[in-house]
Structures are given as structure tokens and as C-alpha cells.
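Shared between the two complexes below is subunit A, which pairs with subunit B and subunit C, respectively.
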Partner chain A sequence: MNAVTLTHVERRLGGFALGPLSLEVPRGAVTAFIGPNGAGKTTTLDLIMGLGTADAGGIEVLGFSMPRDEVAIKSRVAYVSPDLNYTAWGKVGRVLDFVRGFYPDWNAARCTQLMQEFGIARGEGIAALSFGARIKLSLVIALARDAELLVLDEPTVGLDVNARQVLFREILDFVKRDDRAVLISSHQLSDLERLADYVALINRGKLVTMGRMDALVGRYVQVDAAMANGALPRLDGIKILDHDGDWCRLLLDRKAIEPSALAARGFTVTSETPMTLEEVFLALVDKP
Partner chain B sequence: MSASVRRLALNLSPWVWAYLLFMAAMGLLIDVLWLGTPRIGAVPLMVGLFLNLSAVHSAQKVALWRTLPVSQRQIDLARWQQGAAFPILLFTLMMFVPALLLALAGKLRVAWPFIALMTAAQCGGGILLFGLSVALPAVRDRIGRGSAIPGFLLIFAIVYAPRLFRDSSLEGALEGLAGLGLLIAILLYILAGRWPLPLPVTGWASFWSTPPSENHPSKQAASPGLAGWPALVVAQAPALLLGWCLIPALPLLMRWTLGLAHMDMSFVAASGLLIGALLPTAALATALRALRALPLNAPALTMRLMAPLVAIQIVGAAIYAVTMAWLQPDYPLATGFALLPVAMPALIFALTLRFGPRIAQFSAAIAISLIALGNVFLLYSGFTITQTALLVMVLTGLGFLATLREIVSGRHAYRAQPLVPLSWRGR
Partner chain C sequence: MTSRTLKIGPISPAAEGPLYEQIVAGVKREVAASRLLPGAALPSVRALAAELLVSVITVKRAYEELERGGIIFSRQGLGTFIADAGAEETRRSGCDAARQHLRDAARAAREAGLSEKDLLDLLRKEF
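For the complex of A and B:
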């Protein structure tokens, strides 16, 4: 059973329309949820967390239906977002004391350990915390419990290198258990490429692609080729990234066409370059 | 009440508890005065207003509450406990405990049925206002930023109720208020789980949160081609116009709705005068980090921030003087109400930079208190209009210097940021 299953979810917010979006987040894995600004990542995560209601479609989280089972879902899901603001509580300790009352699985020792690792103290005033320290506080609150699903919306914003390393270590520890899952949205694609097992790419409210990280990155290849007759190839699975005279740079979807097939069509392949997640992202997402 | 609802309902910060204690002490004093001197009319109704404000403070916390394992109904029920149940309990205790003590001492001057009626009316007034704060976001989404005006009118209506009902049936009015409050409390309880989210920013700053209906690209005004400070002034124009319009509108509406034809409206109009500049003041103070990045030195930046704010208030003061001369020619112009607001933006700006966004949140309450007390001081001291103008210039200058000091070396000046995001997630 998947940790999260979205089925034809739709949500309209002002001029923005999300979906219809279908998405599966498997258990025992880290799923990266990526896309350009305004693509609908945060809206999707909000719907998973019950912050707003979908106009259409179904949302199933850990076997429960959102919004019908929102309390059951929220008691099993830990959520981190830079938008969470704790200023009203004044002190770090007060927020922690308040939140822990809602979770029977709250682990005080683990909370203390995380606070030490992230370098924040109970007596600190929240208004005086740096932006990164506020994110760390969100992470402490999320990780000090025995949650089944971590929903992390831009958790690395403002974090220093040390804190990022602590976070990644915690995430990897978290998914060692097969019944747990992590859904993480971030623009730090190089981090995600190393961390995530699956990736879902969204653009303009629509899912562009989803699959295993290695399969997605391996599926696409960048090819530089010389054109025999000066005509650009117009084939399924080929995206023209750049061209100049007889030279062209192509993105090949190996699922549709292998680089070797280009030779049969009169192209001389001069180089094949494996792609990073960031390059795949840039190639698949249309420039605004 | 479930454990979750109780936890949410009791999740008040120490400073809110302190505020509640202060207000409760004030309320207790008013109640005791009334119990011993009932001829002061319906003044205890003001107690209902004081304590209602506590419910508003939870708005900042709802963003986190929504991520906790509680349902929307539980969140609304917690807000109901704070806004309806808790005040009912407190008002009853604050009225009946001193009444009992006064009765034992033989100094009780009010009949028990009337005490019960006044307590019920206190609760009704508080719940009425709470109901308004619950409904306001939905109204705001439909009619935009001016939706808080009905709230102001209601506050003034309840504040002025003693004068309104002085010569008519006070009992009837109290019964009506109590009944209406009870009805609203029941309605709110039944509808818990379907309440709109509270305004993301409490107090006067809520004017600044753009309603979702205005976020749609088609609703956004085209750029008039202005750049720099003029563009900023134009961006603030709706709030300025609202404030200036309120100067004559508030007293006029008060007269129309309550029929208070012969009452001095100087203070009511002055509150409209304050609004015009306080809104941009709060917005600019919380945006100081961005403003400081502009290629200006500290004195130049301070001058460019202060000058338009003071100018706005001078225009407002002129509108105030004309309005008062036209509306109530028989009353002398209250120079304190007319001129003291000119100094408020500079003072509030400096205080916000020094003590943080809570000052901006309560800027109106602070400014209204200052001008009310200041006006009394000026009246009793016999200040002439020239002396008052000089005092205002000195206060403005002090505000300017304090702001400059905070911009140059303030520890917290660049940390002043909105208490909560200006829009809710998932809306």
C-alpha cells in the first residue's frame, strides 16, 4: 500500500489550476516532489495535509481518506514548512510543550537530542531565532515523534550545511523502516538526487513525469549530433535543446528512442552525456 | 470538552494571560462601581468588549493548529470556548462575586434580577463581537478590505449604548442584547467546523491582508507607470482614502444608526483620522529590511519614511477640522484630537522598530489611548492651539529621532515582521 495516493485531484486557486493530478508516494522510500516556482507543489502538499480541500478527486494518506479522516492522518504525519510561524508562543519551550500534548508518540529524549544536534535551546525567544533556526524548530517538532509519513515542504531553506547533513541523516534513518515514507519538496536538486528513491516532477499544475530516481535520470540522455541534411529531427522522445547550423543538442527519452537509432536517420552522434536531475528538470520544464 | 479542544482553548501565551488579568481587573472595577452606583447606566457593557479581544489572539496560532491531529470542528470549538464560554464564566464571576460581597456588607444598590440581566447583556455584547470577528473573514472575502467598518460601528454602538439608552428602556435593550448573544453563541456552536478561518493578521493590520478575491490577476490594477516613492504612496492610497473617508463617515453613521444627534463626536472622528496613517506605518515598519537595502543613508531613509506619514496626517487633520466645523458647529474643535494624531505615525514607527510587530498589531489601541489621555491633559492644562501644535512638533521630532536611532543601531529594527503570513495556506 502506498503512503499517499492522489487520484485525479483538482484544485483551483485564483488564476492557478492544479491537476487533474494523480500521484503515488511509496512506503519505505524518499520521494522528491520537484517543479518550478508556482508549479503547484505546495498546493499539493497542503491538500495532503488538509490545508484546504480539493475541488475534485481523491486523496488517500496512509490508508485514510482526506479530509474525512483528517485527525487520523495528522496524528500519523509530520509536516515541515517554512510558512509555519511559532512567534505567537514566544519561546521555543512553550511551542514544544504545546505540540507534544497532541502526540502520544512524542519522544522527549529524542526531542532533546535533536535540539542539541540543531543547536537550539528551550529558553530561546522565537522572534529572535534566525530563519534557519525556525526551520530547525519545525524539524525538531516533526522528527521527535514516531510519525509514519514525513511531509517536508522546502525543509532546507535557510539551513546551513551542518543542519542539512543532520536532516538528510535523519531522513535516511526514518525510511529504514519499510512502513514509513518521506515526501520532500525542494529546489536543492543535487541534494534530492542523492537522497531520494523516487521523483515526481510537476509543472503548471500537471504531473510531467514520475518514477524511480535512477530510472528517470538514466532514462534521459543528452546527445550532441551533426545533422546530415540540416533538418532537425521531429520524433517522439526527442526534444531539441539547442541547435546551430548542422549541430544540434538533443534530449532523448530512451524509453522512446535510443541514441543508436539516430544514425539510421542520418545523424552523426558526436557525444552522449548522462544527465543530472537538475539537467533533466531544465530539459523537461518549459521556460516561462 | 475533549482533551484536544481543552489544550487548544487554554493555549494562551503569558502576555495574553496578563492582558486578560488586566482587563478583568478593569472590568471588576467597573462592575463594582456599577453595583454600588447603578445610575452610571449600562457602562458594564464595556467589560464585554474588553474581554472579547482575547479570542482574537488565537488567530495567530491557527496556522499551527491546522497541522495538529485535530479536526476543523475541534479548532472552531476551541475558539468558541475562548470567545463565548470563557467570557460567560468570567463575566458571571466578576459580577456575582462582588455583588455577593457588597450584599453581605449591605452596600448593594442593584436588584438581583437586574444584576443577572446586566451580566447576560455583558455576555451578549462580548459574544456579539466575537461572532462578528468569526464572520468578518467571510465578509472580507466578498467585499474586500473595508469590511472591518461594520466592526468599528458595532464597537462604538456598544460603547455609546449607555448614552443611547439613558432615557429609554435600558432593560429592553439589555434583554435584546442578551438574547441576541445567546442566539449567536448557539449558532456558532452548531456551525463549528464550518467557520471561516480567522483573519490571518489580527487587529488593524488585517486591513493589509489582501482578500483572496483580490488576488486574481484580473482584479489587480495595472501599473500606473510610477516608480520609487510615488509608487509606494499610490500603493497605500486605498488605506489612506479609507482613513480619510472614515473621519466624516464614522460620526455620520453613528448619528444615523443610533440617532445621537447632539452627542460630541470628536473622539469618534479622531479614530478615523488615526487609521489613515497607522496602516502604512505598520506596513512600512515591518518592511524595513527591504527599505534599508535601498541606496539611501539612514537619515535620508528616515526622512523619506516620516515625511509622507506626517503629511498624510496633516491632510487628515485638515479634513477632521472641516468635518467637525460642519458636523457640530456648536462644539469647540478638540485640538488634541485634531493635532495629536499627526505625531502618532512617527512615535508608533519607532516603537514598532524597538519592540516588534506586536506594537504594530496594537498600534490603534496604543494611539487611541495616547490621544485620549493627551486630549484630557491638554484640556486640563489649558493649552492653546499654538502650544498644542508646538507639542505635536516636538513629539514628531522625538519620533523621528527615535526612528533614526533604531534604523542606525536598533537591535530589533530589522526583525520586525508580520506575526503570521498575510494569507492562509490552502485557501
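For the complex of A and C:
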């Protein structure tokens, strides 16, 4: 059973339309949820968390249905977002004492350990916390619970290198149990390429691609080639990234065409370069 | 089943090759140097992923490749271990890799107009 299954979910917000979006977040794995600004990532995560209601479609979380089982879902899902605001509570310690009451799965010893790892103290005033330190507080609150699903919306914004490493270790520790799952949205694609098992890419409210991280990254290759007859290869699975004279740079979808097939069409392949997630992202998401 | 931590060096995008290949190479290195002996238990996939800060799939892929190469084997419910023939397989695949590199070197040397003697001199210097 997946941790999260979205089926043809739609949500209209002003001029923005999300979906119909279908998405699966498997258990025992880290799933990266990526896309350009305004693609609908936060809207989607909010729907999973019951912040807002879908206009159509089904949202299943840990075997429960949102919004019908909102309470059951929220008691099993931990959520981190830069939008969480604890300023009204004054001090870090007061927030922790307050939120722990909500969660039967709260682990006080774990909370103390996390505060040490992230370097925040009970006596610190929340208004005086840096942006990064506020994220750290959200992370402590999410990770001090024994949740089944961790939903992280931009959890690395403002985090220093040290805190980022702590977070990565925590994420991978979290999925040591294969009934748990992590769904993480971030623009730090190199981090996600390393940490995440699965990836879902959305753009303008629609799914572009979803699957294993290594399959997505390995599926595309950048090829520089010289054209024999000056004609660009307009074929399925080939995207022309750049060209100048008889030189061209191509993005090849190896599911459709292998670089070796270019030679048969009169091209001289001068280089074949594997791609990073960041490069795949740029190639698959059209510029606005 | 407890297992000692793998000391295979940092897995880094700054190093050559995909991350899973770096894990494969690291385990092979340890086996070839007899720091990992036949029967030795490897960490679980999830434990090693957390330790190396890489995705579970990356470690799975590395273990699958090592298993295909006969260097490790896994027993359902028990864990993953260095195979008896692990050291030999590592040496054999190292030998294959060296031969492939020599073939490439020979081709590059011919293209650069070097004689057989020039190439052997170069090889002696490198060795």
C-alpha cells in the first residue's frame, strides 16, 4: 500500500488550476516532489495535509481518506513548512510544551536530542530566531514524533550546511523502517538526487514525470553532434537544446532513441554526457 | 545479525562515476585488500544508506551489482555477506578492467603515433 495516493485531484485557486493530478508516494522510500515556482507543489502538499479541499479527485493517505479521516491522518503525518509560524508562543520551550499535548506519539527524549543536533534551546525567543532557526524548530517538532509519513515543504530553505546534514541523516534514519515514507519538496535538486528514491516532477499544475530517481536521471543523455547534411534531427525522443552551424546539442530520451542510432542517420556524435537531476529538470520544464 | 560499519571512503558527487558505482568500487577495494573476508556481514541496505547519506535505491543498486558479480550474496532474513569467491571475483573483474584500459591505451598510443616500445616504456613508468 502506498503512503499517499492522489487520483485525478483537481483544485482551482484564483487563476491557478492544479491537476487533474495523480501521484503515488511509496512506503519505505524518500520521494522528491519537484517543479518550478508556482507549479502547484505547496497546493498539493496542503491538500494532502487537509489545508484546503480538493474540487475533485481522491486523496488517500496511509490508507485513510482525506478529508473524511482528517484527524486520523493528521495524527500520523508530520509536516514541515516555511509557513508555520510559532511567533505567538514567545519562547521555543512554550511551543514545544504546547504542541506535545496534541501528539500521543511525542517522544520527549528524542526532542531533546534533536534540539541538540539542530542547535536550538528552549529559552530562545521565537521572534528573534533567524529564518533558518524557525525551520529547525519545525523540524524538531516534526521529527520528535513517531509519525508514519513525513511531509517536508522546502525544509532546507535557510538551513546552514550543518543543519542540512543533520536533516538528511534524520530523513534516512526515518525510512530505515520500511512502513514509513518521506515526501519532500525542495529546489535543492542535487540534495534530492542523492537522497530520494523516487521523484515526481510537476509543472503548471500537471505531472510531467514520476518514477525512480535513477531511472529518470539515467533516461536522458546530452549529446553534442555534428550534422552531416546540416539538417537538425527532428525525431521522437530528441529535443534540440542548441545549435550553431553544423554543430548541435541534443537531449536524447533513451527510451525512444539511443545515441548510437544517430550515427546511422549521418551524425557524428562528439560527446555523450550523463545528466544531473538539475539538468533533466531544466530540459523537461519549458521556460515560462 | 550485527555487522561492522563499512569503511569505504566518502561517497561523493565530486568523485568519478555514479554514487552506486562508488559503493561497488569501495566494497571491491575492501575485499581485494582482505579487509572484508568471506562470510563477513555487510550492513543492511537501509543502514548503509543512512550511513553514507545516499538514497536506499542507490545502495540497493550497488548490492545488486555486487551480487551479480558474485562478490556478495544475500540470505532472506539474515542479511548480506561477502561470498567465498568474492576475493577471486574481485581480482578477476579488476583484471578485466585493467585489460580493457590497456586496450584503450594501446588504441590511444597508436592514434598518437607511438611505437610498441614507447608504450611499454610509458607503462613501466606508470606501474
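The rule is short, and it goes like this: the second predicted complex is superposed on the first by the 288 of 288 C-alpha atoms of A that agree within 3 Å, B and C clash if a C-alpha of one lies under 4 Å from a C-alpha of the other, contacts with A are read in each partner's own complex, and residues count from 1 in each chain.
As a working rule, contacts are C-beta pairs under 8 Å (C-beta built on N, C-alpha and C of every residue); 3 or more make two chains touch, one makes a residue touch a chain.
Since this is a predicted model, take the numbers as computed values, not measurements.
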item	value
Touched subunit A residues, subunit B compared with subunit C	B
First (subunit B), second (subunit C), both or neither touched by A:A264	neither
Partner chain(s) touched by A:D214 [first = subunit B, second = subunit C, both, neither]	second
Partner chain in contact with A:L51 - subunit B first, subunit C second, else both or neither	first
Partner chain(s) touched by A:G14 [first = subunit B, second = subunit C, both, neither]	first
Contacts of A:S190 with subunit B and subunit C, given as first, second, both or neither	second
First, second, both or neither for A:F168, with subunit B first and subunit C second	second
First (subunit B), second (subunit C), both or neither touched by A:A29	second
Doubly contacted subunit A residues - partners subunit C and subunit B	none
Partner subunit B, residues of subunit A touching it in the complex	13-15, 42-43, 46-47, 49-53, 70-75, 79, 81, 83-90, 94-95, 98-99, 101-103, 127-128
Of all residues in subunit B, those that touch subunit A in their complex	4, 7, 11, 13-15, 57, 60-61, 63-64, 66-72, 74, 212, 215-218, 356-357, 412, 415, 419-421, 424-427
Subunit A residues within the subunit C interface of the complex	28-30, 165, 168-169, 172-173, 175-176, 178, 190, 194-197, 212-214, 274
Touching residues (chain side subunit C, partner subunit A) in the complex	13, 18-20, 46-47, 49-50, 53-58, 61
